[in-house]
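Per-chain residue numbering starts at 1, and chain names A, B, C, D, E and F are given in the order in which the chains are listed.
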Amino acid sequence: MDDKITALDLAPAELSDATEAYFAKCREKLGLVPNVLRAYAFDEKKLRAFTDTYNDLMLGESGLSKLEREMIAVAVSSINHCYYCLTAHGAAVRQLSGDPALGEMMVMNFRAADLSDRQRAMLEFSVKLTEAPAKVVEEDRAALRKAGFTDRDIWDIASTAAFFNMSNRVAAAVDMRPNAEYHAMAR
Amino acid sequence: MDDKITALDLAPAELSDATEAYFAKCREKLGLVPNVLRAYAFDEKKLRAFTDTYNDLMLGESGLSKLEREMIAVAVSSINHCYYCLTAHGAAVRQLSGDPALGEMMVMNFRAADLSDRQRAMLEFSVKLTEAPAKVVEEDRAALRKAGFTDRDIWDIASTAAFFNMSNRVAAAVDMRPNAEYHAMAR
Amino acid sequence: MDDKITALDLAPAELSDATEAYFAKCREKLGLVPNVLRAYAFDEKKLRAFTDTYNDLMLGESGLSKLEREMIAVAVSSINHCYYCLTAHGAAVRQLSGDPALGEMMVMNFRAADLSDRQRAMLEFSVKLTEAPAKVVEEDRAALRKAGFTDRDIWDIASTAAFFNMSNRVAAAVDMRPNAEYHAMAR
Amino acid sequence: MDDKITALDLAPAELSDATEAYFAKCREKLGLVPNVLRAYAFDEKKLRAFTDTYNDLMLGESGLSKLEREMIAVAVSSINHCYYCLTAHGAAVRQLSGDPALGEMMVMNFRAADLSDRQRAMLEFSVKLTEAPAKVVEEDRAALRKAGFTDRDIWDIASTAAFFNMSNRVAAAVDMRPNAEYHAMAR
Amino acid sequence: MDDKITALDLAPAELSDATEAYFAKCREKLGLVPNVLRAYAFDEKKLRAFTDTYNDLMLGESGLSKLEREMIAVAVSSINHCYYCLTAHGAAVRQLSGDPALGEMMVMNFRAADLSDRQRAMLEFSVKLTEAPAKVVEEDRAALRKAGFTDRDIWDIASTAAFFNMSNRVAAAVDMRPNAEYHAMAR
Amino acid sequence: MDDKITALDLAPAELSDATEAYFAKCREKLGLVPNVLRAYAFDEKKLRAFTDTYNDLMLGESGLSKLEREMIAVAVSSINHCYYCLTAHGAAVRQLSGDPALGEMMVMNFRAADLSDRQRAMLEFSVKLTEAPAKVVEEDRAALRKAGFTDRDIWDIASTAAFFNMSNRVAAAVDMRPNAEYHAMAR
């Protein structure tokens, strides 16, 4: 942990064994320890709550594919102009889709992409929930059902879009810096 | 669980023993099971990730008092016009402060309240992070430090404001209904 | 008039007999003299113009019920985050409807309420008129007529929504404080 | 009253003697009966409440000159893009100032005008009150006091800006048409 | 060039013969040299690029009439509150239409005008492109085609609306002042 | 020209010799013909006006470096979420700076970058001019002068930011597609 990864001075002198083990697993699987985990590592309880939520949401069972969840992550982060999340999750969209241009479109403007009706409905809902949560009404849920989503899928779309509205704001508030490796991944 | 608490059809046929026990503890401590917990109870993993995050954030150790954290919750929810969170956390501000008018001000417009410089800085930061996260810069963090907050406090302000930006959106997306009991509490 | 009710130093040394009589009538009917009247009382002409407008609008003959007019008042004030009007007229919705939760929904987000098509159309028009008056077009009036409103009703909806756009701004500009009694009324 | 002056069908079969007399006075003084008065004339009580409020506000005693009050009217109406008020009050600014370009600047963008610090402060306050009433705080009132305004002047600035936020919305809601004569006046 | 026409100090000591000749032609045709040309005249290359673009766009062959192009110019400039463009192009709408009120409506709120479906579609597209370019989608182009526009017409609508989004911003950035003569033209 | 580069059907049967020659030069210098040029090529006059403007602005003499002009282009396009311009000019920032992360920051949120005071002032001005042109006042120009910019530099900053507000909107209106080659350049 050489470089500063947030604007706050919070990092612990040393990591616990459990956290070290978790980070080792990240290195093995991802080739890096995402800086967001280092940022939370000053408090193990917060780190664990974050990773439990994140792993269930983004990697757990769902009617949404992993790529679809990453597309929501990036479309939401684009509205909020979150440098950390656009960098990390933009790379994920490029990797999971094998389509670098799709990742760029999610970062820049998802409306530029040639999407299925299902994916367009999913992203339009996520964007409305981001920009004007107070205006979401039954018609919006009905549009998702009409596009083929189950009630459980709607929960997952909502939770993913909502989670990145949280994560974008934590990153903005502390000026979180993404790992440099993301920029070149899957180009 | 008689009435519908969200617009989605997700509730499980029956709760696990662990969840029943947790809900019993809620009834004992709070006099009710917050509907948000019932809403998450369709999936134990999601429920636990939510309660772990929530309990650490709102009840754990922090340089912010519990009342201050609730004030952030309500000021953020006011911007997002979240019926669930304004009802539940507005009640919490009334209870923790013993000042019903303070709860109402947080719900309606925190700028109406006669706050200390510390609390005003804390809420102005939370509001900017909610309304324009992309525009948060070092000057904003500096203003919090000048108002007496440590870097760890800044993390907690940011995390709390960010968490309710998530929670407001989950509630809006699924039309979550607050427990009726909140309305009359601590008036 | 012990406490300051606005941030301006305008109150008269003493009230005229006519104003005293009017205030006595308020005390008899409402149990209090609304602070907005005290705020205007520095100038009898302004006070009378205000009460004439207000009484005709909110209490006079109309195709809208008194409750419906109060619902418009609160839904508009919610957008403008007006502490004075949300407090005073939120209480009125609770009283007139006998439904405390309805008052809270109007304060927090009228879309949370289970409204008739008529009332939803009425509030959606009021909200558009508040947020984007320049974009109101014939289709918006047609939607009100389709929901069963006459042209005279449309005038009354428009006038009520417009009036609170005025009143919210006077209250905000002078930091008008509502009577403390409102908070506990009809809970 | 040949042409339609609003989109609503409300005009009375005939005007009362008192209203006819009032309109005759308008014709004598202004050379026309402002269409807003004809619009309100379907109900004498509403007409009188409107004219009492308007005449006190725009023509009564005040620390603000009549031109300054008209400048506020137009600057507010510019934000709200109100065709009726920009036409009628734009003409008033041209007439009262003898400076056609000043009227145009108020209609188009008051920041283009070369204003005194006093007038700039007055208009900036009016604009903030129009665009973001919830964000008006003591510092905003302090800025007016620093620019030389008394507390009574602040009330008048606030009342004028607030009144046109009402009037703009009534006009927008009913598609009120200004008298054609205004366009060529004082060019 | 007596008066300052922008807030920047850029004007050349003297104009080239080619520019003098061009300005003479303007005086002959329009009765004045538009100040925007004087503003660009500090650099002949920039002046020529501007006039080439402008003349092709506003005076060249197109399925849009010259009046329609001016209507777009003014409706866009109204949203951006551009004093220069509203003054110069508002005059053009008055002149080309022979209808002073139409010019005023474009300046104040184009929705007040009684337009054909074609012209309303054209202006609604221009306004959306101005206010929310990221949200323009195929449905928006389809609406133009349905209103009778060809693909080439769509290009011209888009180019005109886009050009004034540029021109409004150059004028705002340098505080460009319109020629005084415009105010009285074609009233 | 195999693939569709806009949503409009405008491409000419064949290009003129002059245009072919210009495109050959592009291929030689850039390795590709930017699709924006193909999009304009349906009309040689429009193409030439565009390239004259563009080349002077982005490649001509200026107190701003070419990289600085590209940074403005991308920061403006980020606000407008323009897929075409973010792709093409994001690549330019990466190339000119030799710093891929800088290009990404301009695309995502320029506030994430560690900029000099000069460059921050330049971009903040460009962003204000993009988001709220009507609110640009003398203080904004003064801030640029204080950061070391001359009046001529201010013109160039303004012109560049304004140009991309045009270009972003032409691209959005016609759904312009960037050349695929940009995505992988200078990563």
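The rule we apply is simple: contacts are C-beta pairs under 8 Å (C-beta built on N, C-alpha and C of every residue); 3 or more make two chains touch, one makes a residue touch a chain.
These figures come from a predicted structure and were not determined experimentally.
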Chain whose average C-alpha position is farthest from chain D's own: A
Chain C-chain D separation of Cα centroids, rounded to whole Å: 22
Chain centre separation in whole Å, for chain F relative to chain D (CA means): 43
Distance from chain E to chain B - Cα centre to Cα centre, in angstrom: 50
Sites on chain C at which at least two other chains make contact: 81-82, 109, 134, 175
Interchain contacts, given as pairs of chains that touch: A-B, A-C, A-E, A-F, B-C, B-D, B-F, C-D, C-E, D-E, D-F, E-F
Parts of chain F lying in touch with chain E, wherever the complex brings them together: 7-10, 42, 45-46, 48-50, 52-53, 56, 60, 80-82, 125, 129-130, 133-134, 136, 138, 141, 151-152, 154-155, 157-159, 161-163, 165-170, 172-175
Touching residues (chain side chain F, partner chain B) in the complex: 109, 111
Residue numbers on chain F that touch chain D, as the complex places them: 134-137
Footprint of chain A on chain F - complex, ascending: 78, 81-83, 86-87, 100-101, 104-105, 107-109, 112, 175, 177, 180, 183-184, 187
